[in-house]
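Below are two complexes that have chain A in common, paired first with chain B and then with chain C.
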Partner chain A sequence: MGEFRHAATVIAIAFVAMLIGPSLLDTYTLTVLIIYGLLALSLGLIWGFGGILCFGQAAFFGLGAYAYAIAAINVGESTVPFLLGIAVPAAFAFVLGAMMFYGRLSDVYLGVITLVVTLILFKFVNSTAGPEYVIGTARLGGFNGVPGFQTLNVPGYPNWYIYDRSFYYFCAVTLLVVYALMRWLIASPFGRIAVAIRENEQRVELMGYDVRFRKTVLFAIGGAIAGLAGTLFASWAEIVTPGLFSLAQSAEVIVWCIVGGLGTLTGPVIGAMILAFLKFLLGQQGQFDSTLILGLILVLSVLFLPRGVVPSIDLLRKRAGLSGRRTAPGRRRRRARSMADV
Partner chain B sequence: MDLALVVAFQVIYSIALLVLISAGLAVVFGMMRVINLAHGEFMMVGGYATIVAVGAGVNIYVAMLIVAPLTVGILGLVIERLVIRFLYGRLVDTMLATWGLSLLLIGLATLIFGNTTTGISVPIEGFPIGAYQVNGYNLFVIVVTAVMVVAIYAVLSGTRWGLIARGTMQRSDMASALGYSPDRIYMLTFFAGSALTGLAGGVLAPLVGLVPTSGTQYIAKAFITVISGGASVIAGLLSSATLFGLVSQIFTFSVNSMVGEIALLIAAVILLRLLPQGITGRFFRGSM
Partner chain C sequence: MSSVVETRGLTMQFGGVTAVDNVDFRLERKELRCLIGPNGAGKSTFFKCLTGQLKPSGGHVFIDGEDTTGWDPHWIARLGIGVKTQVPSVMDGLSVRENIWLSAYRTHGRQKARRLADDALERLGLGAIAKSQVGRLSHGERQRVELGIVMAGEPWLVLLDEPAAGMTAEEVGRMAEIVAELNREAAIIIVEHDMQFIRSIARTVTVFSQGRILIEDDVDTVMNDQAVRDVYLGKKA
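== the complex of A and B ==
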């Protein structure tokens, strides 16, 4: 049970890190880092294990945030909105995924469609400033965003807000639970077949599996996790704006995954936390533009570290002979992606 | 009658605009299967090159039609040598690396020019069609685009260099066996594609207030146009630009420009769902 022990070790380390974290940084910053980690995990799952490169993970993130905010204004209590914030993006991802995968779209075309859908959402939400755009009692607000909704509270008690430190622990535990669930998913037959599809779609299809359906379900799971991240983000920021749907947001998620390492679950999370924290630090000083540094990191990591940080460290560790146990399967991104039939 | 003429003029203009902003990307993607996500930023650099040149006293037409393409061409050459040549055949990696480049260029432009809007005035007066006033510069954009498309076609089909380039794209090993270095041909093709992008950036510079993030508004449209067009450079570009230009203008005239934009994007999604290989994957096969 190597995998089980690996997962247990990761969770134990992360749990300790969660307890130590607040003594190093303020919980407000830590919480958003965790939320970004969750978002990166969603793309890391569908891209790293399903081979689906989605250029619009931000669409599900934003959709989750908006679904939560609008439902929270209408309901005034956070339990149902919280569930809606997961269900709406999941359903949207399922429909979108079904449209793409049953159409047998390949790599680049998948990228274009997800990108375009994100743009449509962005342009639409951005243009809904007028008072005629209302869902229930909530105005969509256009580029002004939706402020003033009920943030997360203890289920059934609208006045017992989960905020500050307890919100931090809530987010951290959520991330750990989702991580454990995904580890389980990947170890299950569904996950095994998803990886097989990533490696050779045709062969899996010939073995009698319904590739289209499986990819759609995986895509929907990714959408659900991104939506969960969006829901938490809405509760953290206390306002949702169309910027959540922006291409820059989608780009950032991809960068996190690439830098952290595909084909692992811890990689994207760590990549997201490191880079988001870096951006936070860069934003505090005025000398260099943070975009410049992020761009440089992306170019350099594609050129020199195409496997990402976590798999490279794994590799180094193995070479040094410290650990004989192979953990996450090395992602042969280069070979699998190179011959994409455009 | 006049209104019909004006509408037709607008439709042709929006098609020309799509062709103009996508041409460089189409050459690079159609010939080399490289998707340059820094395409928009190349246009932004072309725009800044034009503005700086005009500011230094260069004639505006020289600045747009010569300085901008040359500057961006050279920039493309440097980037090809430093980054892209290591990534040929790795489509997704190239996309990510060029995405990084686009962020890098935005950052550099912000560092140099600051986060403010700069611009130059339009050099051509408007002219009347019947009771309507039409923007003269739009006509100039249409003419430049038409000349550019004819030029690309002439170079690809008529010259020896075009023949070699097309041959290399089909079978680089065979071209190599015949004594042509694929490496050099890729380099030159990327230069040509970048120069076309620079031309687009230069020609559009008087029309937009330029900020370092200007490029991002083009990349999505260019990307969609090129991918929907499919593998053939010219036929694909013209067919998808015509389709999208028509769709967006019809909705712009009947509702508003926001709906026009969204209609364009929805048309792209439907098109790719029906024709996953792009328009030229099904129609006009084997055309150039």
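== the complex of A and C ==
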């Protein structure tokens, strides 16, 4: 099965990269790149495979981070907060998705609503500085954010913190596991139907599938993954602030997906890592404005690599393979594989 | 009742325009019926009221005795109905096989879907291009893929909106054979413009004009009817 071999190759390469990574860059930076990769993966899934352009993926990211932080202050051990950090945004995405898809909103309004929800969350959390905004023993803290919560620990052992290098490996393995799961999901009937909905919603409906429910579920899965990224981010930053809900964050996720390549899973992850790393590098110098340069990269990539980095590389590889050995059966099989499956 | 599709006083209004006006229609089990009429006669609107793509503003639709008025399309489809829309409605980014498989999977589950998909591919002569992406195929091939989607669901009622549109004469002939084959198991309603195609398959024809049924009779009687010639055939000649 070519599909399986392809996924295994990607995971093997990523695994090697994970081991080599720390010798090239400090794990603190690497970790946040991985977390951003996970966030991009969540949008890459629902946008690239479900055709749902969500302008508010940061809302689920922030919700995950806040859910984790608040629960961690109340519980003191990280296992339950970790799960809540996934479940809360997933449930929120499910309800929001149900409202949008059962309401038959068109794509434009879907974008507007997700954008507005992010803004509302940002405004709300920003204005919770007063002492009356308390959940359990945790104060929401408004623009100051929530600091001083229990970071990730080994389940059942609150004093065994997972931090630094072990946290890096934890995040990297999490990303790999999520990637593998999503590959499986996309290859499963559920995933094929999701792609079919992206391609032609009406047709899928006339086949007898409940399009609204399936889109809602996919949207919730995307929310869960973004929430997971937020949870990890909270543990990494050791503080959560309203900035997580910002429009800049939401826009950045979209840019990562576009540059990396939609319709693939590896594309958004790689796009996120490259761009976030560039931003990090540019942030260390003062000569150029970093947003200007990142904007330039977006424009150039849309002009010259309209399908994104990963699909373009894939295309190049196939062309090279084709001109080299036309008759090799393996190459042919690869060529026949639909481009949506990378 | 023995009729599989029945409408009573079906009406569809768009603002001040009445596209379908108080239509009473019946289709018997395993019957093949053609709907014809000039552009704007309300055929396609009527068709969409049957499939649930439009919610009628008045009247009732009964499918297999069940009042399906106002149901969502996927619920109506789940009764066992195969629908082919006017513009080939297929999933461009997926392979031919996947397109057809998805339909069979919905109705028959994973185990039977593979066999049904293979079966439909073979019957439609799509075997050689089963792995091709549908977006790269010709119009006629895409029409056949959509028929495959309909076929693989093993429907007992088939609704086809202009299946012969934009096809070559050879393809139209083939389409007629496929329709005849489908008709062995299923009742069929066809909305069509192509007179040659209608002559080759139809027995009973319903003529729409200005949202109403003008005449409903045997195909030869309809073709020779002066009123039909006036509203429709006369214009084409």
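By definition in this document, the second predicted complex is superposed on the first by the 321 of 342 C-alpha atoms of A that agree within 3 Å, B and C clash if a C-alpha of one lies under 4 Å from a C-alpha of the other, contacts with A are read in each partner's own complex, and residues count from 1 in each chain.
The rule is short, and it goes like this: a contact is a pair of C-beta atoms (placed from the backbone, for glycine too) under 8 Å apart; a residue touches a chain by one contact, two chains touch by 3 or more.
Computed from a predicted structure; not experimentally measured.
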Touched partner set for A:Val204, first chain B, second chain C, both or neither: second
Chain B versus chain C as contact partner of A:Val173, first or second or both or neither: neither
Touched partner set for A:Ala251, first chain B, second chain C, both or neither: first
Partner chain in contact with A:Leu316 - chain B first, chain C second, else both or neither: neither
First, second, both or neither for A:Ala17, with chain B first and chain C second: neither
Which superposed partner A:Ala196 touches (first chain B, second chain C, both, neither): second
Intersection of the chain A residues that touch chain B with those that touch chain C: 338, 340
Footprint of chain B on chain A - complex, ascending: 53, 99-100, 103-109, 111-113, 115-117, 119-120, 123-124, 127, 247, 251, 254-255, 258, 288-300, 302-303, 306, 333-334, 337-340, 342
Contact set on chain C toward chain A in their complex: 51, 53, 72-74, 77-78, 83, 85, 89-95, 98-99, 102-103, 105-107, 110, 131, 133, 146, 149, 153
Residue ranges of chain A touching chain C (in the complex, touch as defined): 189, 192-193, 195-196, 198-200, 202-211, 336, 338, 340
For the chain B and chain A complex, residues of the former touching the latter: 33, 35, 83, 86-87, 89-93, 95-97, 99-108, 110-111, 216, 220, 223-224, 227-228, 231, 258, 261-262, 265-266, 268-269, 272-273, 276
